[in-house]
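Here's the structure, in structure tokens; my notes come after.
We just call them A, B and C in the order they show up, numbering each chain from 1.
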Amino acid sequence: MNNTELIKKGLPKRYRREKRFRLYGMMAVMVGFIFLLILLTDIISKSLPAFSQHWIQLEVQFDPDVLGVAADAEGKALRHANYRAILKRAIRAEFPDVSKRRDKSKLAALISSSAEYELRDMLIEQPYLLGKAKTVWVRADDDLDTYYKTADKANAVRLTEKQIAWADRLQENNLIESRFNSTLFSDGDSREPEQAGIRGALVGSLYTLLVTLLLSFPLGVSTAVYLEEFAPKNRWVDLIEVNINNLAAVPSIVFGLLGLAVFINYFGLPRSAPLVGGLVLTLMTLPTIIIASRSAIKAVPPSIRQAALGIGASKTQTVFQHVLPLAMPGILTGTIIGLAQALGETAPLLMIGMVAFIVDIPQGFVDSATVLPVQIYLWADSPERAFVAKTSAAILVLLIFLVVMNGLAVFLRKKFERSW
Amino acid sequence: MDKDLHLAHHISRRFNAELEELRSDVLAMGGLVEKQLADGLVALTTSDTEIAEQVATSDYKVNSMEVAIDEKCNQILARRQPAASDLRLVVTIIKTITDLERIGDEAEKLGQLAVQITDANVSYSQFVEIRHLGDHVKSMLHDCLDAFARMDVADAMRTIEADKKINEEFESIMRQLITRMMEDPREIKNALRVSWCARALERIGDHSSNICEYIVYLVEGKNIRHISDVKLSQEMA
Amino acid sequence: MVETDINMRTELMESTQVQSVDRSDTKVADMKQQVNATIGEPFAKDPKMQARQVNVYYGNKQAIFNVSLDLGKNEVVALIGPSGCGKSTFLRCMNRMNDTIPICRVEGNITLDSEDIYADAMDPVLLRARVGMVFQKPNPFPKSIYDNVAYGARLHGLAFNKAELDEIVITSLQKAGLFDEVKDRLHEPGTGLSGGQQQRLCIARTIAVSPEVILMDEPASALDPIATAIIEELIDELRQNYTIAIVTHSMQQAARVSQRTAYFHLGKLVEIGETNQIFTNPKHELTENYITGRFG
């Protein structure tokens, strides 16, 4: 048998092997894709209820007697009035047949506790309403809200049968409607699911990321440039290199402990502040940025450096006029990936107190704040059923943020990438 | 004094073979020319018409060899772009074969003259000097080709020296012939023929001397043509 | 009788061959000693740069051994030799490009117009402006053609306004024989040109800072024969105004463009001489072997 025949004989086997390998690859991709799909479907389907909220229409009488204020009361006096009472009256007015004391309180429980604050704000803003009646929409309590959103009504309902009947009556009279839940994006955290939003966490995340970016980008890039272009090649530099690579693999909680010990206990910086969170995340992101930047700088062809040096550019000019601009797409990609990592990080922030329950939206770098992933963690821990949907919604928002950031990384790389 | 040419040391084995082939072709051509010369001399001295005609008609072999070698040299120049000693070798060969071809022409002339002289019945005594000159020229050509085969500069220089002696002999033959022609004008026609023979032999000596000069150029890289003896001895020192 | 002569002579020829091989073996030892001294005339009549007893070390390894060599004004010196013979290293010593390699150490004396280029008083940046370099691989910056040429002038502040800069760019491109080909697309990227054009762009970029000496490290090794011929023609024209040293692996190229040729072998300058002489009658056996393609 000659060579041609031998080769021919082996060919089908080789092709089969290639085909098989390609199939394995496709299967691996498919499996990954299916998992992603499952994850996304799960999150999206679970999060959908969080984007809507049921409201109840009530005819509220701003009766000064019931409120417990003078007929001409204004400002501060209105602040401590009994709004709960007028709410109770308003809902009882819809159900005159309810008379038992227990039933009455059950009836009032259909309304969110946030409603009284909304009435207060409304009255303070429009004092002329005092003594008059007004039709207002108030949030339904999370139990009622969940009742409407749950398919499996028999088991998973915390309402009594009476409450369900009342609710049905309200619905028959078109006094209940579902609206887009803007609270989710405009409010901070709350114990009451119907009042809880992610705005506080989002702003906290933004402040934290800003601190991280402002610190880690210049630090990381300078370190990379120095190590790659200027540092002498000796044992110390090798040691530093090993340590940087090591840091990238250190569990993030260790950075949290470090931040707690150094920034809070030693330097006395405030707890739960985006500033400290940013510092800790900077520590965590630095190795990623340094490693990515170094490999980007290394990938710049030496011929460009030689060309610049050969014309008489100094070393620094060569680096800043030629090497860095060419390495920038890679550096930016590395930075964004590092920041995306930081955005999704929880563990180190737990250590520095960013896990606290914070209702207010942070106004600066030293205000108490929490961040998105921690918010998710907090909500996932909460017992109220409505928080399940909120958790998923927050995860979805976080995912969208990550996709946007990674998309930005791809965009920047494409935009600044140059061929040589 | 002589440098090694290491013709067989190229990285390209085919180049080695090509140069080797070229050199043996030149030697074969030299051998053929040598035979022509020897035959011409025999024809002249023995009045053998048959050999004389053979010499006169077989010059085409030498010519065709020249053309073939020339072609090979061109190909090597075009394809190998030889440098240094290789370049000198190829250039030397191109020139050497021209001179060899001329020698062939002169030998052919000898053959033609031999036929004419035989017809004219020239007396034998006139050929003693010619034979003597012919032997010298023959051995000079022989030495010249040996020097080429060995790439031996010392041999080549000796051969160049020998050319002077041949020139002297030629001069003396010419003087004798002139004397004879003045003594007996009837002999002029034959004397002229004999002088042409001598002239042809002298030219062969010159061509051999040229070839030896090329050999010196090939080995030493020095051009010793057309320079005075004093300068030559300085050059070769 | 004559037939046997031919045979005899062929045998003679063969025997000389054998003999010469034997002789070459014994010669290797002499030759190695001979290498220490350069054969030929390393000094130029009108020198622009002079190297004297230059030794270069990479760490503990010596790369260049005691090389002395002049670059004369308005001449092209070709440095040839097998890979790793130190010719590029030597070239890079001439404008201190070796400074960028930390383990590289240069001993000896190199002068530019009798100024020691390794003296403390000599700034390497200034030196590289005076001694330009063209590299093996065309390496235009990923910028426009205009910016590539203008870069050096901007860097050294050679132009005081836009018109002067334009002038520098245009004359440099003209000198490099590239202007006519690119005049309509000066603001397109230099990396979009063909290999030969890129190399000429690099030459234009180098001459835009008006250097006195141009060092070329295998400038045509990545180019096709036509582009190579254009570059070689350019080198010959540039010789009128500049001193040029060129490292090349192509012996034909060295023979074509240079006036003097230096042959390096294992870090030593074995032979230097007129290019005509080196390519027809080299003195040293190593040079002979290299340019005729023999194994030494």
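Please note the rule applied: contacts are C-beta pairs under 8 Å (C-beta built on N, C-alpha and C of every residue); 3 or more make two chains touch, one makes a residue touch a chain.
Keep in mind that this is a model prediction, so the values were computed, not measured.
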- Return the chain whose centre of C-alpha atoms lies at maximal distance from the corresponding centre of subunit C. A
- Note on the structure: Chain with Cα centroid nearest the overall Cα mean is chain C
- Query: Rounded to the nearest whole Å, what is the centre-to-centre distance of subunit B and subunit C, using the mean of the C-alpha atoms as each centre?
  - Reply: 46
- Where subunit A and subunit B are represented by their mean Cα positions, the distance between them in whole Å: 103
- Chain-centre distance (mean CA atoms) for subunit A and subunit C, in whole Å, is 62
- Note on the structure: Where subunit B touches two or more other chains simultaneously, the residues are none
- Which subunit C residues sit where two or more other chains touch them? none
- Parts of subunit B lying in touch with subunit C, wherever the complex brings them together: 4-12, 15, 23-24, 27-28, 30-31, 34-35, 38, 81-88, 142, 145-146, 149-151, 221-222
- Message: Under the definition above, what is the set of subunit A residues touching subunit C in their complex?
- Response: 232-233, 301, 303-315, 317, 322, 326, 418-420
- subunit C residues touching subunit A in their complex are 95, 97, 100, 102, 125-129, 132-135, 137, 139-142, 151-152, 155-156, 189, 191, 202, 205-206, 209
- Task: State the interface residues of subunit C toward subunit B in the complex, per the touch definition above.
- Result: 1-3, 5-6, 9-10, 12-13, 16-17, 20-21, 23-24, 251-252, 255, 278-282, 287-289, 291-295
